[in-house]
Structure formats: C-alpha cells, structure tokens
Amino acid sequence: MPLTPLPEIMIELLVRNALAEDLGRAGDITTDAIIPVRQKWKGALVARQGGIVAGLDLARLAFRLIDSAIIFSAKKSDGDVLKPKDIIATIQGPARGIITAERVALNFLCHLSGIATATHNLVKAVKPHKARLCCTRKTTPGLRLIEKYAVRAGGGSNHRFGLDDAVLIKDNHIAAAGSVRDAVLRARASVGHLVKVELEVDTLDQLQEALDLPDNVSPDAVLLDNMPPAKLKKAVAMVKGRFTTEASGRVTLDTVKAIAASGVDVISVGWITHSAPILDIGLDEV
Amino acid sequence: MPLTPLPEIMIELLVRNALAEDLGRAGDITTDAIIPVRQKWKGALVARQGGIVAGLDLARLAFRLIDSAIIFSAKKSDGDVLKPKDIIATIQGPARGIITAERVALNFLCHLSGIATATHNLVKAVKPHKARLCCTRKTTPGLRLIEKYAVRAGGGSNHRFGLDDAVLIKDNHIAAAGSVRDAVLRARASVGHLVKVELEVDTLDQLQEALDLPDNVSPDAVLLDNMPPAKLKKAVAMVKGRFTTEASGRVTLDTVKAIAASGVDVISVGWITHSAPILDIGLDEV
Amino acid sequence: MPLTPLPEIMIELLVRNALAEDLGRAGDITTDAIIPVRQKWKGALVARQGGIVAGLDLARLAFRLIDSAIIFSAKKSDGDVLKPKDIIATIQGPARGIITAERVALNFLCHLSGIATATHNLVKAVKPHKARLCCTRKTTPGLRLIEKYAVRAGGGSNHRFGLDDAVLIKDNHIAAAGSVRDAVLRARASVGHLVKVELEVDTLDQLQEALDLPDNVSPDAVLLDNMPPAKLKKAVAMVKGRFTTEASGRVTLDTVKAIAASGVDVISVGWITHSAPILDIGLDEV
Amino acid sequence: MPLTPLPEIMIELLVRNALAEDLGRAGDITTDAIIPVRQKWKGALVARQGGIVAGLDLARLAFRLIDSAIIFSAKKSDGDVLKPKDIIATIQGPARGIITAERVALNFLCHLSGIATATHNLVKAVKPHKARLCCTRKTTPGLRLIEKYAVRAGGGSNHRFGLDDAVLIKDNHIAAAGSVRDAVLRARASVGHLVKVELEVDTLDQLQEALDLPDNVSPDAVLLDNMPPAKLKKAVAMVKGRFTTEASGRVTLDTVKAIAASGVDVISVGWITHSAPILDIGLDEV
Amino acid sequence: MPLTPLPEIMIELLVRNALAEDLGRAGDITTDAIIPVRQKWKGALVARQGGIVAGLDLARLAFRLIDSAIIFSAKKSDGDVLKPKDIIATIQGPARGIITAERVALNFLCHLSGIATATHNLVKAVKPHKARLCCTRKTTPGLRLIEKYAVRAGGGSNHRFGLDDAVLIKDNHIAAAGSVRDAVLRARASVGHLVKVELEVDTLDQLQEALDLPDNVSPDAVLLDNMPPAKLKKAVAMVKGRFTTEASGRVTLDTVKAIAASGVDVISVGWITHSAPILDIGLDEV
Amino acid sequence: MPLTPLPEIMIELLVRNALAEDLGRAGDITTDAIIPVRQKWKGALVARQGGIVAGLDLARLAFRLIDSAIIFSAKKSDGDVLKPKDIIATIQGPARGIITAERVALNFLCHLSGIATATHNLVKAVKPHKARLCCTRKTTPGLRLIEKYAVRAGGGSNHRFGLDDAVLIKDNHIAAAGSVRDAVLRARASVGHLVKVELEVDTLDQLQEALDLPDNVSPDAVLLDNMPPAKLKKAVAMVKGRFTTEASGRVTLDTVKAIAASGVDVISVGWITHSAPILDIGLDEV
C-alpha cells in the first residue's frame, strides 16, 4: 500500500510551534546581522547515511512558513530508501530564510527518518514471515501522530493511537475484574461495535481462558507479552487463527526473526519510536 | 550548583497536550470499562536500569491533571543517580487515574532521564578535565526547554536556546560577509550588549583571523568544528584564553576524553538530545 | 454498564470557551451593576420536563470557573431519569457568580440532556430486541466528544469518533476501488490490526460480495443503508452472525421497533445528535 | 437589508477545530486506503428539503483547508430560499479531499441552515405585523457567533451577543435591588452611554414602575415575559412607544401570529438556536 | 457606583502570556543561580508617586502563578487614591518566586494605574459639570478589556468595546450612504433592538440633519467631533436632550473644563489609554 | 546596520488577536450596515506629527487578514524619519475591509512609532558620544518582542528580552549571596558559556568588588544604577574598559547628554517602552 501524506492541517501547528521555539523573541540574530536581505542561496538536503526518509512535508513547511519565496523541490518521497549522499530535496531562494529555517526542518526530518529507518530495518528482517511490524504508545509527548506516520513510512503498521481507539486489557485490568473472562466481558459491554478488544496475556493459561470465551465476545487480538519464541509458537498453535496474535517485549534486530518465525501476526516494538537514533541528514550548498 | 526545577507554568501545557493526545475523544476506554470507580491502587516508579533521573515534575503533573486525589511521593530528585530497581517515586490513590496517566508520565520521565543519563556518562568521562559538556539546538521539536533542562540534570551545560539568544557565526555567514572579520563586525554592531558572539571555524587560519581582531570586537567564543584532538590542542594554544573554546563534532564516549584533554572549555554534543535512548523506568504495583 | 464521567481535562477548555464567549470584553454588566458583591443566593436546577440528564460536570465546572466559592451539590447523576420538577442539583453561594454562570451551565446541560433523552427514548423502544442504539459523526462541530458522551448517558452506544478510528467504506470508496472486494482488501492492507472495517451496502448483492470474501479479510461489520425492515431481515439471515449488522436511515420513534425486530445488532441514528431538541431545565431560587 | 458575511478571520478557527476533531490522529483512513491520490470527483451540495441556506462560507472553508485545489462554486447565497433538490454549490477537484471534508462541511451547513429555516418560518408567520423576530443567548456553547449569523440569514434579528453588550434586568436583579426603579437606576449609573438597558417584567405593575421613571433614566426596552397576547396588547398600549417592547416565552409557529398582533416590536425565541432540527443537505456525485 | 473586579477567567490568559514572555525557555536564570530555594522574602508594593491604583488582581495572579505559596495582601483596592509612599500590598513567601514574578506584576500594575490616574485627573477637572469622561477604541492591542477596566477604576466610563457592540457612524459611512439620514436609517434597519446608534458630526448642519429624523429612528447619541467649546454649546442647545451628546478631540487637562462647561453629556479621550505614562510603583523589601 | 523585519510568523498571532478583540462576536456592524459590499476606497496613512515610523508590517497584516484584496503600498520603511503630512503608505481596495481594519492597524502603528520616536530622540541627543541607547524589560505585557523591535527601529539597542537570556544580578541577589563576589561566582557556575553576566551596582565600593574578581569570572557588564554623571565618570575610569558600562535611572531628554558624556557604553531607559506617547498617524481618503 502506498503511504498517504498527512493533511497539512494536521502538521501545521507542530511546525509553527517548533519555529516559534527556535526564533524566540528576536529571531535569527546572526543571519539578520550578517546575510544581506537580497542574497540568494541554493542547497540540497543530503543523506549522510543510508536509511528511509520521512517528514518531507514538515521540512517543506518549515521553509515555507519562514519565507514563501523559498522553493523546495523534493527528489525523494517519504518511505523512499536513501543511500549515503543521496539528494533528498533541493532548496533555493532567499538565503536568510533558508538558513533561519534549516535547523527546524532538519530536526523534524532527521527525527522522523530515524524512526522510519529503525522500523524498516526490523521490517526487512521479518520479511520472509507474515508478521507485521508495529509501534506502541511509547512515543515522544506531543509528536505521536507524526511518529506513527514515520512508522508507516518505514513499512510498519500502527497500534493504538491513544487510550480511546481500541481496548487493551492489561494485568491491572484483569486483576481488577477478577478474571480474564470478566475483564473481556466488561470491555465488550462497554464499547461500541467498531472498537476492537485486545487482551494482554503473560501465560498460556490466561490465553486458554480467552480461548474458552464464546466467539461473539472473545477478544479480537491477544498480546503475548515477553514470551520466548518457543512459547509464542505454542500460543499461535493454541489460537488457531481465532484471534490476531501479537508478540511484544525484547524485540531487537537480533531476536526479531525468531519471533516472527513463531507465526505471530504482529510484532510490536516500543524503541522504534522512543529510542531510535536520528538519521543524519544535512543541508549542503550546491 | 544545584539543579533548579522549571516553574510549573513552563511545563503545564506540554503535559496537558500529551494527555490530550493520549485521551483522544473518548478517554481510557479500557480502564473505564473494567476498573471500578472506587478502586485504589498503590505503586512505584522503578528504575529498570541505572542512570540519572529527570522529569519528575512532569510525571507528577500528568497524574495530578488526571486526578488530583493521586498522591505522588518522590523518593529521588531530578539529577539523582539511579541504580537498577531503585524506587523513584511512590504513587497511590484512585486506580483509574493512575492507570490512565501512567503512559504519559512514563513517556516524559523515560525520555528526559535518557537524555540526562547520556549527558552524565559524557560528563563523567570528561571529569579530570575542565571541559564542560554542552547540548545543541538539535532537539526534538517542541520539547527544547525540557530537553535542555534534562541536560542540566545530567550535569551538562546549555548552548543557545534558540536563534535569538546568542550569535553563532557559521560558514554561510562568513561566506556572505566575505571574511571572518566582517562577519564578526557586523554581528557586534547589530546586537545588544548582553549578547555573546561565537564564531565557528573549520581551520586554524580562520581562527587566526579571529585572533587578529581587536579585543573589544573579537568573538566571545570560538567553535572549533570537527577538529581532531591534536588540532584542537593547537587551537587552544593559539587562543591563550582570550576566547572560550568549544569543540564540536564526532563526540562519543570513546572520543570525548581525548577531546577534553586538548584543553577546550566546552564540548558540545548533538546526540544527547536527538538520539539518546530512553532510560527504562516502569510502574510496578507495590 | 455504569457511565464513566469524562476527565475534567477533556471538558475544561469547552467550558472556558463558552464562558469567554458569554462574558465578552466586559463581563456580566447587569449583575455587576445591580447585585451587591456579598449577596448570597440559593437555588436548584430543576427539570421542567421528563427525560435523561447529562452534562452535570460541565454545569458544575461553569459555576466553579466563575467563582470557586459556589457550592454545587448534584442530586442526580448523568444518565438518571428525570421526572418534571425533579431537582437535579442545588447551587448556593455568591449570588453574582451563580447568576453570571447560569446561562452557560444551562446551555450545556439542556443540550446534552436533550441528546441523552432522545437516545433513551429510542433505546426504550428497542428494548425487547438485542439491537444497540448508536450515534453517527453528524454532530455539532466542536462538541463531538460531549455529544457522544450524552449518547452513552442515554443508554446508547458510539459509532466512530472520527475518520481515523475505524474504516467505513461507502459508495464513493467502492466506486473508486471498482468492487466491494477490492475496497475491503485495500482497507485491510492499509490499517493496523486494532482497526475495525465496516462496509456500507445499499443492496443485498453488495452484501453477498462481502460474504464471498474469505474470513480473514472480510469486514467486521456491514452497514445496511436505508433498507426497509423486510430487507434488513433478509440481510441478517444472509450474514448468519459472521459480521456485526448495522441498520441506518429513516430511524424514528415510529420505525425503530420494526427495524430492531429485523434482528440487526446496531441501529445508528444521526438526529439524536444533530436535531434533538433541548431538555428544558431551569435554575430556580429556593 | 442584505446579509453581510462574517470575515474569514472570525470563522477560521471553528472550521479548523471541527476538522481536527474529525481527522483525529490518523486522518481519513478509509479514503486514504482506497481512493487513488490522483482521482478527481465532481459533486453538488443538494437540498433534500426546502428551507433557507446558511453557512456556505464555513462549508467552503472546510473543503479549502483540506485541499486548496478543491473548487467550490456557490450557486446560492446565505439567506436564499431552497426548494427540495436545489443545487447549493458544486464542488470539484481531488476526490480524497472532497470526501474527507464532506462531513464537517455538511455538519456546519445543515446546522446553520436549520437555524435559518426555523427563523424564516417564524418571520414569515409574523410578516403582516411590524414585530421583528429575534434570538436569545440560548445557543450551542462555542457557536454563538455563527448561530446568531444564521438567525440573520433567516431574516431574524439578534438579541444580546453576551452578558456584556447590553443590560438585561431580570427577576433576581430586581429582587436584589429591592425595586424596579433601583435596579434600573443602578444599571444606568454603571454602564457607558452606548449600552442599552432592557427590563424584564412579569406583570403590568412592574411595567408601570418602569413607566413611572423619568425619561432620561427609563429603560430602552422592556421584555414582557410569558404574557398571553391580550396582556401583551395591554402592555403595548401602556408603553405608548416610549420603550421598545419585546415578547418572550411560549413562541411557536402556532402562537407567533397572535403575539405579533399584540403590537410588540420584538419577539424573541430561544428554540430557533437551541432546538432547531438541521436542514437536510447532501453531497451527491454529478 | 463601586468598581467590579474582572472575573479571573477573563485575565488569567493575559497574565500567563506575560509570564511566559518573560520566562522564555530557561526561566529566571539569575535568581535560580543565586537565591537559595528555601529563602524567604517580605516586601511591599509601594507607590513612588500619587495617583490611582488599578490592576491588583493581575499583579496578585502573576505572583500566584509563579508560586502559590506567595501571600499577597492587598492594602488598597483598585480605584483607590494613592499618595507617594503608600503601601499598596505586602508580599511574602519564597524569595525566588517573588523576585521572578516581580517585573510582570509591576508591568501590569504600573500600566493600568497609569491609565486610571490619567482618567481620574480628567474626571476631577470635570467634576462640577455633569459630563462623564470616557475612553475610545484607541487601546493597546490585546489589552483592551483591562485598559477599559482601568478607565473605570479611574472613575471614567467606557465607549464601545469593539466594532460590534454599538454603531458609530463616521464620515466615510455618511459619504457612502450619501446622507446622514440614509446612513442612520441603514444602521437602524440592520442592527438588533439592543444596539445603540451614535452619529459622528463635524458640523452643525450635519447635526441638524440628525435632528430632522423622526424620533423612532434618530440616533441615540451624537459625537461632536473636534468642536471648540462655543460650538459645542450651540450643539447642546440644538439637541435639547434628545440625544446623548459626546465631545471628542483635543481634550487635555487644560481644555477639558471648558469642554465640560458646554453641557455635553460625555467627553471621550483617546490618550488616557494610548499615551498615559505609567504610574511608578516599586517593590521594596520590608 | 539596517533594520531587519520580524518574520511574519512572529507577529501574525498578535495581529489576529487584536482583530478578534475588535471584531468581537458580530464584526463591524456599522460598516456592514452602511457601506455597499462592492464600494472601493483609496486612502493614505499620513503622519500628523514628525517622528520615526515602526510597525508597517503589522499594519499591512491587519488589512490583509481582513481582506486580502486590499493593496497596501508602503512609501516609508520602519526606522524612516517622518515629517508632518508625510505619506507612510497608500491603501486601496474594498472600502469595507479598509474601514474595518483601520483602527487595529493604527493602534499598532501609532504605538510602535511612538516608541521608535522616543528612542530616536534620545539617540540623537546622545550622538556625539559613543553610548548606545537601550531599552529594559519594562514593556507592555504581551508586546515585548514588537516593542523591542520598535526600539531598534528608533536606533536603539536591546537589553535582555526576558529573565532567561542573560544574567542581571540585582541588590536582592547580592544580599542573598552575601557578597558581590559570591553572587557573580554562583551565576558564572550556573549558566552556559554563551550567557553574559551583568552586575547592578549602587556604589563604587560594589564596583571595586567586581573589579577585584579575576578576569575569567568577572561580569561582562556593570549596570551603574541611578548615579549622577560625575559618579558615572568615576566609575568608567575605574572600569578602564574591562566591562561594558551601563548607566540607568533618571534618563530624560534633558539629562541624557550629561550621562553620555560620562563615557558609559550603554544608557538604558524604561520609559521609551512603558510611557512613550503614541505618534499620531491617521488614515485619510485620497
């Protein structure tokens, strides 16, 4: 499936806030003091390392909001593979505006491309298997929607966007309800017909409890938490396709293949959003 | 110097936005469906790995804004060293509110503690030398003020907060001005008397140009960009204490000692804010 | 299932904006001119007609944000049945604040109680049948989250909260995809594993196309659009419980019983949010 | 008098908020998954029932803010009479954007046209008489300015926009002041010379109190609350044109003619803003 | 009439914005570096010159929003006369918070007290005459509501709060309408029954045109623009109390008595809001 | 140095808020009622007195945000000298929009030009001497960034923009630290290497304490508070160019020359931002 860009109305405020944060109360005092107002500049956003690009619309918007005379010509699209030295976009126009907006544009682009790249590396590793790679709610506060977008750019899939768009029953919920069964039943009774219910289980006994529920109230998915591949395999065998199966916990580039080989449908990973290093991208004069 | 907490008025909006992002349009539908409204819960924020804690006020605020009846008792202060299993804070009160606010509180706390820890590790490595460890403007969009705070919590120092609070003359500025001398003179003439001027130099020739300027207009600091330790040492010798010297580029835990040994005053590092992995902290029932 | 109140953080801005809209740039000039500052007042929110109450937290907040000395004592809870003359809450404290906040408090309370009441009337009519009564995205701009809450207060269930929390494939989508099958497949491939897919069908042929899809990609629900009860019954029989069935269109207090008798799981109604008259509630001195 | 459109700056935030509310954190996932990015679409906003249109600028803005390539050609103006099947506007351009913005555009248009239509029906009924039909402060929280605009579109007139733009003395104020006379005097003394003072009276005795005040301090208008037509007629006769007379309470399409025949200048009605059903308008492919 | 304080909800955002503007991205770095966190401080807001105080609630809020442990005890109320050295309020509590909030608190207090004082001086000068002293829309952008409040604190009265709460017909309007008569008739036909209409006239001929209008459509007030006292007197004689008369233009402490002596009802002055110097108030340790 | 305009992104919200404040909930009811929608108008912003213009971009934006069809042609640039009757800009286009936006545009332009003019008059008086004229943090709440810009337009220089961009040690800080020496050392230890430290001294003894500090920790600047010219001269002689010297207190057009003659580097003045009267500018039809 091709990647759909986020409507500008969904990202504009993030870019405005980032620019405001950088401009402060006096703007770019260095550039204003030194660069003549009519000077032109031409440059390119260049990958300093290989990876996946994401966030081009945010970068473009950073330049445009500083000076609408800046021409931003994308040579790549979000989700594209970058080799080192690849040109991502060319930028030309008033020198002042380009230099002033540079850091904010790069901060978005490098952060989101870092997430897309980390996601992509896991997705590639999983390739021979059917498992989809998926993010969590462990995102940078305030940036969830663009970080989840970057996960999609990297070929990943999205878990819940918040506490409100799906049910995820965890240990505290089960404890409060008294049993897996009661927790699931309470959830089903409470939410609308377009809300999925996922159940996190730590043991195969808990999984069996879920499987014992009648079809019309059973969970749509089970999250198999922190299970080693062999146990995951057993779980998948027990489920027999009745629920979507999701593996979570201790997923790294080293472990992900074995996890995928267990036959789970989804592998969710927190660190692709909370701990992915940036992808190094620079702005060079051309 | 002890770390000063940020006034609540400076962080409240960030926490409100993060909660709104997670609550969406229906709130925590899982918890609301399953956990009884009067149920109490008691837990602790526990370090899953060693490091430096930062962001306690943001975590506390996340719980309080969801339910003011939640009691958050900090056992550590921002900047404190954590060993694995250390209790950072205890939290007790209405179960629903605690579970609903948990992820947002942890997202702030783990992210900022990750930055503080990365900073601290570099600071320790530099210890025998006088160099201060310092961040850059390569921060997560919208979170600069709390990320710079986390750097301070880790024992680091802050570079510019934005484009407006100090002059930093880079290659494009020098090129536009025609010479180091003219770039510095234009900056001095333009900004107020409480604004420092730093000059980024790539070569020792450029550094000499700066040294040739009369004292009353010369830069306050020079950023020695991407120079190996030997060259840095030469630069420090040339400067003879007339300017603050700052080294930047390719700073890692491996290289930082040698860089510091060159005698520079400041070492600035982008990755402590843009690529530090989170510090793993969890909320456990107690 | 008991009704869960919305966290204050989700409704505070709505109440603040409504108060700001009413206070304008000079506040309550009538009350300020005439009522002495120390005068006390005691009154009650009284139902002028029977129905279901919803919005008490918004009303309470309106009074508190104007003057925290006002004591608001709820005698009913959201979702409770009201008979004419029932006291919903008593309010006492500074006369000025109570009179100033009255209209905003009532505007929220009457509007939301109107929605809850309209919902409840349909829910009651449907009672002997299993069908759940559900709202749509036809809500008042800006008030969706509280209007959907009012539907829950009235015993109804919620459909999608926005374009992003579930897939709903309509005629334009099917036309663009070329077939029901391709539309559903594209949706399944694109969205995460916690997103449900609903398909709107106008004919039983379209429904059959959906039934012909293999289980693992078939829609979770079908919206049977504008079908008379007899046709709905046929559709339900065809579906045999494989999908959730939803009836929509021309649902009134007169028609809803027959629709429910068709055996559908869900009946969705736009007018309970977009055209329900208010429930008349007044503030009387006591 | 021709209807004046609201400046875009006064409505833009309302439309942005409504779009944000509908797009959520992932946008229109159905359309993004199924409709090809280059597909065009052409349609028309069509009246499904007769009435008065209002809110075209808000609808236009909803489409434009989603995709500025969408061409919105209005065939009617706010305030125009619609017959069933009348085309209100044609819309063409990128299919995705049109389908994504459709619901928000319609939610504004149907809601405001409903208010305009309800107003217009009362205005027509009152026609042979001089009375102006007027709204109240019983409006949907946050939408007052556009609802009052819709009343004007329906041929109605506006009462106070808030607590601050005119004085309206009610029973609580009179009670606090001790007499009609003192209440009016306090108000006059307190407010600026461009603020009108209206007095609500329940009885003809109270009206007489007002008439006994000297001209230079007497109210500008009296609100005759809940009086039957015969009593209204008496009141109008007593006032002899000294004040504007306003009738309020129990105004329906059935009663409004008789009320108007009493000779009052203004008839105010709450339900045209708080309880008018929407006017049904749809978006059809053409 | 006693002065009514503005509800906190109307001023809170102004104070928050002013604090945010001053705290920037790092807070009060001087105080945080030097003042120990537990140090207490006690001081007083002291008048350095005589005048009228206004803005105490804004000052109080500035301290409270920085640290709710600060105790602010007002010794004066808004509108009170200050002699040099008068104590306006005492402030005690954590030294850091007091010193951090000081400048924002004083900026509000000195600015608003300056306006109140300028107003009061004119009001005193006018005393023997009936004329009320009144402000205009020439206010500092964003501060209109508190500046108009300060005018009331100084004993003045308020003109329009914006373009929307009363009609003021000026030369351009008359020119566009073709005549005074048509301009007034268009306005009357367009606006609601609680909106006053004022007409600005430059000549007595224009005034006569207004007087020739029948009572039920004539303006409520006339603004006699830039007329010398003798001409104002003639105008007042012509009007014979039919309209409120307002003088405007070239009003100073020297001219205001003569203007008032002409018998006008209202004298409006722009400079009390746009050009009043601050009242000097300081924060002294006690 | 030429004056650099503020990026539109830094001023847009200020202009939007000011327009919203003036338009209120109904817009310009006078103009809407009287001026035909197609009527054109042509006018000019004309100086009614001599001075320095500042704020043209804010005025232009006010017109454009009301109606983008309005053509604003600047004939002067910010910082230019105005003689009485000079045309600053011509404005043509739809009459309604121009008249509606006029007051907001003028409120910004007159206020900022007043500050620029006051600044310029002091700058001219100081001319023969080297001292730079500089503002303070005594600014109108919420307008600091544009008021500091106006100071630059008048030829002045800027002091701190907030509490966070430089250290300014005052008497309370010295008292808390116990000595000048300790206060300066604490500040130096706490802040980053691009933050300047200024010390306010009341006496020459305090100044000597600062001079006794070693070069690498001594303040960058000293603020000589409220010292008469002779004492300033002594202070300057003591400092011998080691620190920037700033004089503050009792600076008027009468005293500023003598202060400058003392040889100080900077003279800071609060009243140019907090008490400068507006520069009178009007909009005339042409």
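First chain written, first letter: the chains are A, B, C, D, E and F, and each begins at residue 1.
Everything that follows uses one rule, which is that a contact is a pair of C-beta atoms (placed from the backbone, for glycine too) under 8 Å apart; a residue touches a chain by one contact, two chains touch by 3 or more.
Bear in mind that the values here come from a model prediction, so they are computed numbers and not experimental data.
Participant: Give the chains in contact with both chain A and chain D, ordered by label.
Facilitator: Joint contacts, listed by label: B, C, E, F.
Participant: Where the centre means the average of the CA atoms, what chain is farthest from chain B?
Facilitator: The most distant chain relative to chain B turns out to be D.
Participant: Which pair, D-E or B-C, has more C-beta contacts?
Facilitator: D-E
Participant: Farthest from chain A by Cα centre, which chain is it? Let me know.
Facilitator: E
Participant: Using mean CA coordinates as chain centres, what's the gap between chain B and chain F in Å?
Facilitator: Between these chains, centre-to-centre, one finds 32 Å.
Participant: Just how far, in Å, is the C-alpha centre of chain F from the one of chain E?
Facilitator: Result: the chain centres lie 23 Å from each other.
Participant: Quick one: report the Å distance separating chain B from chain D, using the average Cα coordinate of each chain.
Facilitator: So the centre of chain B lies 52 Å away from the centre of chain D.
Participant: Which parts of chain D, given as residue numbers and ranges, touch two or more other chains?
Facilitator: Those would be 1, 21, 23-27, 32-33, 100, 144-145, 158, 161-162, 164-165, 168, 186, 189-191, 195.
Participant: So what shape is it, when you link every pair of chains that touch: line, ring, star, complete or other?
Facilitator: complete
Participant: Which part of chain F faces chain E closely enough to touch in the complex?
Facilitator: Residues in contact with chain E: 14-15, 17-18, 21-36, 39, 41, 95, 99-100, 103-104, 106-108, 110-111, 114, 137-145, 161-165, 167-170, 172-173, 176-177, 183, 186-187, 189-191, 195, 271, 274-275, 277-278, 285.
Participant: Quick one: which bits of chain F touch chain D in the complex? Just the residue numbers, please.
Facilitator: It comes out as residues 16, 19-20, 23-27, 32-33, 37, 65-67, 100.
Participant: Show me the residue ranges of chain D that touch chain F in the complex, using the header's touch definition.
Facilitator: So the residues of chain D in touch with chain F come to 1-2, 4, 6-7, 9-10, 144-145, 148, 158, 161-162, 165.
Participant: Provide the residue numbers of chain F that touch chain C in the complex, in ascending order.
Facilitator: 21, 24-25
Participant: If you look only at chain F, which of its residues touch chain B in the complex?
Facilitator: 1, 132, 134, 157-161, 164-166, 168, 186, 189-196, 198, 216, 220-221, 241, 244, 246, 265-266
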